[in-house]
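Below you'll find a set of structures to go through.
Look at the two complexes coming up: chain A is in both, with chain B in one and chain C in the other.
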Partner chain A sequence: MHAVPSTYAGVADVVAVLVLLTEFAMLRAPLLRSQVKLYAFQSLVVSGLAVYVAASRHINELYALALLSFVLKVVLVPGLVLRLLREADVDLAGSSVLGVASMILIALGVSAFGFFTVGSLQVHSIALPTTALAIAAAVVLVAFVLIILRADVVSQAIGFFSLENGVSVASLVVAAGLPLVVEVAFLFDLLVAVVVFGVIMRVHHGRTKSLSTEELDRLKG
Partner chain B sequence: MPLGPSVVAPQGVQALQDLTVLFGAPLVSGVISHVEGRLQGRRGPRILQPYYDLAKLFRKETVATEESSWVFLAGPVVAFGCYLIVPLLIPVLTTYGLPLGYMGDILGGGFILALAGFSVALAGTESGAPYAQLGGSRAMTFGALIEPTILFVVFAVALITSTDLPYALAATVRSSSSEMVRPGHVLAAIAFFLVVLVDTGRIPVETHSGTLEFGMIDEARTLEHSGAPLALLKWGAAMKQLILYTILINVFVAPWGLAASGSPGAVALAIPALLGKAMALGMIFAVIDNLFAKLRLFKITEFIAAAFLIAVLAVLVFYAGGG
Partner chain C sequence: MSSILVVLIVMPFVVGVATIFLPVGISKILTVMSGATTFALALTLVPAATAHTQIAVGSLLRVDALSVVFLVATAFLYGATAVFAGGYLHLADGPAGTRYGRRFYAGLNLFCWSMVAAPLVNGLALLWVAIEITTVISALLVAIDDTDGATEASWKYVLIASLGLGIALLATIIMYYAGTTVFGSAYDFSYAKLLAGAGRFPPDVVRLAFVLAVLGFGTKMGLVPVHTWLPDAHSEAPTPVSALLSGSLLAISFYAILRYFQIAVRTLGPTFARNVLLIFGLASLLLAALYLLSQRDLKRLLAYSSVEHMGILAIGMSFGAPIAVVGVLLHVLAHAAAKGTAFFGAGSVVRKFATKDMTKIRGGIGALPWSGPMLVAAVLALSAMPPFGMFRSEFLIVSGGLSDPRDTVAAVLVILVTLAFFGLSWFTTQTMLTPDVISVSADGTGVVTPPKGEVSAWIVVAMALGLVALVILGVHPPAQLSQLLNHAARELGALR
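On to the complex of A and B.
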């Protein structure tokens, strides 16, 4: 029988679980558009976690970070990707290599691996919600599964963006007092990734008239 | 010698649990279908309609197909008996365990419910009619698919309380509000909610009030029955629904309003409290019924995979450190 976690750890865990569940939802979302919306929701949850950590730990810089990540990850990035999707106007349904149930089972196994790995690290402290850390690791791993198993550019971009969300959760629960510059550097990274993926989506769609990466198995176009 | 009994004997309370489920279940079903009608812009059937239906069916004659044997008629009776046993095992009215309450744990109750489902499916198959057989085989298939989810919910419960007695989990949840927001507990409760959705044949899985046989799972099993056996089946389905609601409410979500002692007042209050909570939950199900479309039959595995995912995550979160 485990001890009941504190309220802080409890809230952090619930938020982390929500992030993980949206990650799974993205994995199975049939429409690319709904995938982007799920990403926006996931980012909203992460921003909420930043606000909660800021309030309970009295770290005022985190409010700025929360605001920044809200503007960037909930409004800007999803809006941009949705616009690209509207312009592309093809392949609304994403392609996946496997069926939904087997994809979920694989991701479940991978996230279990994440849980057990972080569990065996034996990091314990009163201030650190170990569960949230383990879940953040699982989020990162499931994001990799999403990138690998979904064969379209948008899913891969969204998988990469949501991987950043997993890292955000981990950094928020492990090192809430991380200098703002470092956190903003993460977000800047994301911005660069958005630009790169935006270009990839455009070029890929321009060349193959589709968003599927299955066209990319030939060496010469 | 006191004049009146100041404490209801535990055996009396236990009998009362059974009677509450027995006579309250049609009422809960009636409220749900009334609310559903209202939500769809109809007036909806009377709240007491299920009782009239049962009374009518009990007066009608029983017809069996020529191919069927005694199993066809015995199935509904066995199922009804099972549904009468389960309320003895779960906290329906009291917070404390009753004499027969420790006869079986959550798994025991689950097995008895499974036996009931099996006997109804067997009776349907025995009729020799194609749709009833289809219903029986589908019910068994999806029952087998949802079983791992139920097991993982039980594992999560066992991790919280170190036992799998429903009374113990209810007591744990009542003990502090932080138990309620533990992610592991929330996930297990959500997974069980989805299990209830599947097991009561509600909308993402099955339209419970349709007449289209192709989408039917549970409903199709009873197509060939008539008269008193059909009444028992309908009554049993209502009881199963109330039993599952009771487990969800009194074990996972809201184990309040139960009698903490055997005083007649507390026990008498616990009955309307339970029925009220069950009706509130039923209204949630009615709203879900109106918000979503039925899944295609082969998409149901995806729904079940989602439930399984949530249940496994509940266990993993506990494993990862107390979630």
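On to the complex of A and C.
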């Protein structure tokens, strides 16, 4: 039996797909700056989803959350990373281990894996769209591909932040009822993590005069 | 009783913020006092946690027997490390030294605050928040020495641990999703509620959440194959931080896994969760035992010993016999004391010999008349020799394993632990129990044992505290502690 998806589930799915496509775009972006801008766009889409969920399900706290996530993830975080890039005076992303085509192929593979694994959970829930959850899982896996295959600290940090966007989509569609205090705590945590990533990236740049991770191979065994 | 929880969650934070502004000398004393008070308060919760099922403040803070076990382990190491740090830090004169000291003490206290908070908070979401805070603070502490090694280690640590926690966040969301099928789309995400409804959660969803939680929090716990940040961070961090990372942080991550375990056994029955832990545990123990045989760096040696013990904890949970679960919880306490003491000793050796390379350390016991022998004792404790606490805990785990139908696992456990013992004791014997080297060999290489004398009395005191705790746990654990462990094992679904 295939019920016609509700408008709510439809919008959630479309947004989730947009987030996934942005993730793929990041994977192929040659410039670090464009990667950061793509992240800002992705965050904007996620904030939009928060507004939509708030309006359609009448959860007023989510408006506050959407505003907070807009300020943090669309304005502050990209701003901070772009400033770091300007100071570091580096434009091109570090050489990735594989070519773009192979990276995209791998990402297609893992996102299909994530989509079908989570999608195969036989959960029948009237209110909550499982498809969007499956796409969010695919976003998380593609973020992993980005982090593993790109060899510079900015791509890796952006990969982590966009992974968090994927989890945000999941949390908006299946856990919108989470208490606000918890959601705010999540965002606050992200902010602290961004600051720490920024500090360590800066220290790294200060020591090696580059943003590449190729020199980070001394500790082993 | 509940006011104790408030003090526990406020005091270390306030002390941490205060140390940013206070002179380093005062911060030193204040940190020791804060650590000692935290430990004393944690102990006062022991009888209450065995008498009642839980103590709560509002809907945010709550402890039961299981959380008190981890709280006591963390608080003990907070106090002991505060004492050790007093002797370990040699600050440069002038503003640079002051700045380092202030950053160090603020970081140390806030790191301990976040680890004390994790067992106190109520619900899987807040637990995740607390553990994420431990990551960001400890990443800065790993980087604090500002060497090439420290920068590399902290980048690997913050990236890998954050990714692990990203997966753990997904696990949290999916567990919430599992709850919505029973409680509706908005509900209070507390332990009591989850445990009450767990029997009716959809099994596939809980299975996914549990595996993601083990993978995600397992990254911070140091389970193979997601342990790769651990040896780097442990060896490059300042030694007080290494002790806390190893003794407390890994345990707190294990605590998070146990909270998911509690729910998973209620939904799925015991087999699935135990098998998942068994696979990760065996992989960790095997790899750590092999790496222990080929280490040259003293602090990496202890780091791999942590991976070994985390493997033992996971395997112990997979046995499921009540006696093994009690052993696992005792092992958490004993590991905190033993690994803390061992790192304190390593810190003393590294300060004395000015190297972590074990081929350049000879005659340790002669050079360090107190901390040398105590380091040897701590390594013996880590290898589960009597009369120390780990002998008792591993004995309980193995006897629980032998009563399991899959008793071959217990045999494998004993073999791998023996292998690890060989690695640990080989290197310790070589560095500590060899005669002093007085003169350099003819070709100018070789090592010279530095003159006899302790680095600092504070270090000796901190190590003595750890050894006393280990002997108490091994020879005769207080009755109330045993009750606490039994109680916690019952909460974990054993002893029913």
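List of remarks:
Rule of thumb we're sticking to: the second predicted complex is superposed on the first by the 213 of 221 C-alpha atoms of A that agree within 3 Å, B and C clash if a C-alpha of one lies under 4 Å from a C-alpha of the other, contacts with A are read in each partner's own complex, and residues count from 1 in each chain.
Here, a contact is a pair of C-beta atoms (placed from the backbone, for glycine too) under 8 Å apart; a residue touches a chain by one contact, two chains touch by 3 or more.
Keep in mind that what you see is a predicted model, and the values were worked out from it rather than measured.
When both complexes are superposed on chain A, chain B and chain C sit side by side without a clash. Within the superposed three-chain model, A:L163 lies in touch with chain C and out of touch with chain B [touch as defined at top].
By the touch criterion defined above, A:V118 lies against chain B and chain C together after alignment on the C-alpha atoms of chain A. Judged by the touch definition given at the top, the superposed model places A:V142 against neither chain B nor chain C. When the two complexes are overlaid on their common chain A, residue A:L38 makes contact with neither chain B nor chain C.
Seen from the CA centre of chain A, the centres of chain B and chain C span an angle of about 150°, rounded to a multiple of 10. More residues of chain A are touched by C (comparison of chain B with chain C).
By the touch criterion defined above, A:V153 reaches chain C but does not reach chain B.
Once the two complexes are laid over each other on the shared chain, residue contacts for A:V203 go to chain C alone; chain B is not touched.
Look at A:V14: by the touch rule set out above, it reaches chain B but stays clear of chain C.
Of all C-alpha pairs linking chain B and chain C after the chain A fit, the shortest spans 15 Å.
Residues 118 of chain A are contacted both by chain B in one complex and by chain C in the other. Chain A contributes residues 1-7, 10-11, 13-14, 16-17, 20-21, 24, 28, 100-101, 104-105, 108, 111-112, 115-116, 118-119, 130-131, 134-135, 138 to its touches with chain B in the complex.
Residue ranges of chain C in contact with chain A, taken from their complex: 60, 123, 125-126, 129, 132-133, 135-136, 139-140, 143, 146, 148-149, 151-156, 158-159, 162-163, 166-167, 169-170, 173-174, 176-177, 180-181, 184-189, 202, 204-205, 208, 231-232, 235-236, 291, 294-295, 300.
Taken in their complex, chain B has these residues touching chain A: 159-162, 176, 178-179, 181-183, 186-187, 301-302, 305-306, 308-310, 312-313, 316-323. Those residues of chain A lying in contact with chain C across their complex are 57, 59, 118, 121-123, 125, 127-128, 133, 137, 140, 143-144, 147, 153, 156-157, 160, 163-164, 167, 170-171, 174-179, 181-182, 185-186, 189, 192-193, 195-197, 199-200, 203-204, 207, 213, 215-216, 218-219, 221.
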